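Consider the two complexes below, in which chain A is the common component and chain B and chain C are the respective partners.
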Partner chain A sequence: MHFKKKSYAFVRRSQVLEKRERNLGWFLVLPSIVIISALIIYPIIYNLLLSFFDVRMAGGNLFTGFRNYLDIIGDHEFWRSVWTSLIYVFFTTIGTTLVGLVVALLMNREFPFRGLVRSLILLPYVAPVIAVVYSWQFIFDPVNGIFMHISYDKLHLFSQRINLVRSPETSIFVAVLFGVWKNFPFSYLMILSGLQSIDKGLYEAAEIDGCSKWEKFRYITFPEIYFLMGSIILLRAIWNFNKFEEVYLLTQNVKVLPVYTYLKAFTGIMDIGHGAAIAVIQFVLLIGFILVYVKRVLKW
Partner chain B sequence: MVEKNRLVDKIIFFLLVLLVVFFAVFPFVQMISTSLKYQWDWGNPSLIPRKINIEAYKELLNIGQEEKNVPESVITLLKENDQLSKAQKKAILDKFKSTGDIFPFFRYFANSMILSFSSAFISVAIAILGAYSFSRVRYRGRGLIQRGVLLVYMFGPILLLIPLYTISAKLGLISTSAGAFTTLMLIYMVLTLPVSLYMLGNYFRTIPFSIEESAMIEGCSRFGTIWRIVIPLSLSAIFTVFIYSFMIAWNEYLFASVFLKSFSDLNTLPLGLRQLFVSKNAIWDRIMAASMLSALPVIILFMTIQKQLAGGITAGGVKE
Partner chain C sequence: MKKSFLVVLITLLLLSTAVFVSAGGQQGEKGGASVSKGPVQLEFWTRETQSDRMATIQMLIDTYTAMNPDVSIKLVPVDENDMALNMRAAVAAGKIPSIIEIDAEIAVALGTEGILDTEAADIMLNKVGKDRFFKGSLRLFESKDKGVYYAVPYHGMIQGIWYRADWFEKAGLEPPTTWEAVAKAAEYFNNPQKNTYGILVGTMETESYDEQCFTPIAMSNNAGLFDKDGNLIFNSPEMKEALEYYARLAKTSPPGPQTWRARDYYLQGKMAMFFYSTYIMDDLAILEVAKGSLTSDNFKDLKGAEFDPDLVKNTKVVTTISHKKDAGFGAVVSMAVPKQSDPAVRDAALDFLTYLYSPNAYITFLHMAVGGMMPVIEGVADTDRFLNDPKGVYSRYGKEKIMEIVDGLNNIESFGLVEGNRIEAASVIYSKKIIPQMIYKVTQEGMDVDDAMNWAESAMKELIK
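Up next, the complex of A and B:
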């Protein structure tokens, strides 16, 4: 009897402790939740609402139903920018992943000055976009740039000096190259961390079996990092799809979806309602892509 | 034969490494090179300037610009005229002086500094508490919140920009300069908060809980253990996260361009640089020097925390 009473008190005490623990947990995380809800969750819901209105900065908004959406779906420029976005995301994602993989394989070996090399190749990722776009523009400058100097003067690849950044047909390639340059360090770091976690014993066993380098990569390295690569590609695709600065500041001619949205909402007649609707469509497209990708590639 | 193969292998390997370094660093080298060249030297493909020109840097940093724009005739007039008082002479000279209007580097620098420092500081302070809750306190709903924070990774800046701009415009926040600046600071803070939460949470998990336990047995409160044990033990991680948040805010262009559009006094470095580029003062050496000056603080900061930052990025907590 005495024993039972004691255990009851023990349970009571542990419940009190549990409650105190829970309160503490919520208390500590509350500031983060409040700020994220107020400045991210609420605005996104508000954006969904805005997309059904004709937004006026002075005075009330006018409810227009699906008008904004219908306008956009009927707009040729919108479809062109969807296409531009697809090309941009596809090539930048593949590019960053391939370059990242090669660089990770290189950096996984020991060599002199490896520390210095590793920190130098992270520079593109950390430098401000605005500070590096002009250097790229200079490289491709038709009059002074080194690119035209080599490809036109030396190799005669072009019939005249052309502005690759300005001309509508070629600017997307420059944008893709710039995107790969800016973001390959991210992919490289992630892949390298994956490579370093592979059991060295597997390679030793393969060597004993007389496997070639390619076979080691194909049958050990690649399967080990397949899912990591899959996740990196997904992350990069999401981020590249949302890229604004890296495209807009480099060239005005590559109108990917975020740039198209920005131009609609913040320049000219500032059509916030249409901008909001495009942002929603963009988000839905992204979710659709993620769902398909997760099912097909990551096989969740 | 095997020896020879090894040598070829080694040479190919080093060539590849060299190529990668070249690819990564070339635009920076080009930037420095052009910023130091005279106009007649731009078309020269060599990266080494024929003659070093530091005029662009002097101009941007406002060094030795006082007498440059004063016409010769005015100077002789002032020298020969004794009737004017010293104050009057100075007033006349001031009219001609260049006040660094092309690119007021120090003002932009100060604005960027205040914005980035305060947003990163608040973000890290809030994230320490939140991350401690994620990694140490057990309660229901914890996993849900953690995953919710990750979801923020999917929202692009444009999706947030439109509603945030509309809301702050309707609340009248962006009609005053102080309001616009504070709003922008809050936005930078929330953009970096998920990163800080995630990176710090991952780090706190690596601190053995037994240290905290023994402190609590000695009678330390939960807050006491955060203050006296968790924070001192993770100072380097906290510093890394702070620098990371600082860099995100320092590099940001889009939100600043919309929120500070009508307050040119409050412009940040990226905005100033953009304006310089589209203005009539845009010449290559000046732009490259300004680019260099904007990138330099970030590059220096990066070099100081380079090792930890690389670890932080792979710890899975990095958003762009």
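Up next, the complex of A and C:
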């Protein structure tokens, strides 16, 4: 009897303790929850809310239901910009990853001044966007630029001078090229660190088995960095899907989704309702992509 | 466990929303109702974003605040293309500037939305003397209601076609005063093989410059956006003719979408004509200034990088283009006082503006951009004080030429003014850059002229409905 009483008290005490511990836990995560709610969840919900309104700057928003969404989905320019975005994201992501991989493989070998070269490669990534954008515009200027001077005046590669950066037919290529050049160092840095963590013993064993260089890459290097590269591709795709400044500052007429949003919602008269609706659509598209990608490629 | 987590999350969410909403509300009230005591703080938004111009304005501010120690003035540079957007954002946030320097289209657009203080403008006009303002520039700021003005004109510029008179003479061509003369010369001098071009017209979809070039061409063909009763008459045979003509000129522009920055090609001797405002006067007149604005400094090996000291002598300007009638284009920039709830701020703003209109301050301000900033009140342009600018530019052109240019301010045409009636919807179309987008579609994307005009018409209808 006495024993039973004691065990009952013990259980109760442990329940109290558990409850206290749980409360302490909540107390400790409270600041994070508050911050995340205020800085992430609140803006998302507020944006969602705005997308159902005709927003008026002077106050008195008008509820319009799905009108903003229907406007956007019915806009031919919107679908054109989705297409442009897909092209931009696809080629820049593939480009940055492949160039990053090749450079990382090269930099993983021993050679003099390796440290210096390794850090110099980071230059495009760390240089301020606005400065390099202007340099690129000077280089590709159709009348005075060095590129046209060499390719048209000297090498006669083109039949006429072309404004590569600004012409609607060519600007997307320049934007992709710029995106790859500017951002490959990030992929390179990540892949290089992945390469350095591969066990050297694997390569030695492969050598004993008589593997070629390609086989070593195919059966050791690639599987070892597969998930790393998968994550890099995912990150780059997300970043470039939302990329505004590099594209807009360089060309202005490559209308990827963020540029379309800016022109639609913020030129001249602000149209916050439409802007919010585009942001929601963009968010849904991106989440859809991430879900499929994570399941198929990263195999979570 | 899951349930309690959800409850906490939702409570926090609601809490944070409530906090934000109330904070937003308070902010709005702050901009709205409080009456300041003690020193008054003004915020002056200027479109002169260049550092040397800002330094001059800061000097004027320092002089004023030295005389009025209980007023402090914060100078904020805002790019002219972003002015309307930033202003609306400021109103939404309840942080309204005290004085803004804006052009007529933006003034009308903001004024129509009820953001500007027309009473303050009236007080200012009377202080300076309504009769002293050039009528042509004053009417640009008039609202639908006669005698009510959205802002007070401060300085103006005239746009014209600047051309190489020596090339024209050598080729035996007429000065570019008519549609035929301009097109003929543009096609004659356009030689992309030799990297020389006919005429620069704006073709970039995001730049107001396109509309500034296009307006006089459309106007000279009697093509407007609205009739005097405010009905949209944009899609007319006259407008189509003007757009086709513009596209023809654009074929002789340097490759790809271009904007005013391409004037450098003219300074390098690679272009025969360009649409530009009187702002170019000092670039042309002063060797050092022109050198400073040449982007080709980076490419010294390339031909044409050397500056031609005879350029000013060989450059002439026509300020009107004629076809069915004469039309000119210019822009007048004003000082506007947004509506304030704090009378102290408004009074201080008006007092500072009064100082800016005093002869010394006014001329100091105008001399910041010699050529680009012409006086819009009588009794300034013909004074020695004005004509003796620090760089000696006006003396090179002579008093007569300067007076002729200043007189041009009376003949400015605008899509928003039809037979004396203010059509406010034109400002909305201007600020949404419909015409630049239409021009871009035709000249760069190769869209059919009719299709582009139909597109523009439906975009305009959407905006003004």
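As a working rule, the second predicted complex is superposed on the first by the 264 of 300 C-alpha atoms of A that agree within 3 Å, B and C clash if a C-alpha of one lies under 4 Å from a C-alpha of the other, contacts with A are read in each partner's own complex, and residues count from 1 in each chain.
Everything below uses one rule, namely that a residue touches a chain if its C-beta (ideal position, glycine included) is under 8 Å from a C-beta of that chain, and two chains touch if they have at least 3 such contacts.
All values derive from a computational prediction rather than experimental measurement.
Peer 1: With the two complexes superposed on chain A, say which partner A:230 touches: chain B (first), chain C (second), both, or neither.
Peer 2: Neither partner.
Peer 1: State whether A:121 touches chain B only (first), chain C only (second), both chains, or neither.
Peer 2: So A:121 only meets chain B here.
Peer 1: Mind working out whether A:33 is in touch with chain B, chain C, both or neither, as first, second, both or neither?
Peer 2: both
Peer 1: By the touch definition at the top of the document, which applies to A:102: first (chain B), second (chain C), both, or neither?
Peer 2: Touch status of A:102: first partner only.
Peer 1: Given the touch rule stated above, what does A:142 touch, chain B (first), chain C (second), both, or neither?
Peer 2: second
Peer 1: Taking the superposition as given, does A:266 touch the first partner, chain B, the second, chain C, both, or neither?
Peer 2: In the superposed model, A:266 contacts both chain B and chain C.
Peer 1: In the three-chain superposition, say which chain, chain B or chain C, touches more residues of chain A.
Peer 2: B
Peer 1: Once the two structures are fitted together, what part of chain A is touched by chain B and by chain C alike?
Peer 2: Dual-contact residues (chain A): 26, 33, 46, 57, 138, 143-144, 146, 149, 266.
Peer 1: Going by the contact rule at the top, pick out the chain B residues touching chain A in the complex.
Peer 2: Where chain B meets chain A, its residues are 13-14, 16-17, 20-21, 23-28, 30-31, 34, 42-43, 45, 126-127, 129-130, 132-134, 137-140, 142, 145, 148-149, 152-167, 169-170, 186-187, 189-190, 193-194, 197, 222, 247, 250-251, 253-254, 258, 269-270, 273-274, 277, 284, 287-288, 291-292, 294-295, 298-299, 302-303, 306, 309-310, 313-314, 318, 320.
Peer 1: What residues on chain A touch chain B, complex-wise?
Peer 2: Within the complex, chain A contacts chain B at residues 21-22, 24-29, 31-33, 35-36, 39-40, 43-44, 46-47, 50, 55, 57, 102-103, 106, 109, 111, 117-124, 126-132, 134-136, 138-139, 143-144, 146, 149-150, 181, 185-186, 189-190, 192-193, 235, 238-239, 241-245, 249, 258, 261-262, 265-266, 272, 275-276, 279, 282-283, 286-287, 290.
Peer 1: Would you mind writing out the residues of chain A in touch with chain C in their complex?
Peer 2: 26, 33-34, 37-38, 41-42, 45-46, 57-58, 138, 141-146, 149, 160-168, 252-253, 263, 266-270
Peer 1: Enumerate the contact residues on chain C facing chain A in the complex.
Peer 2: 8-9, 12-13, 15-17, 19-20, 84-85, 88-89, 91-92, 109, 113-115, 192, 195, 197, 204-206, 254-257, 262, 264-265, 268, 270, 295-296, 298-299, 302, 304-305, 428, 430-433, 440, 444-445, 463
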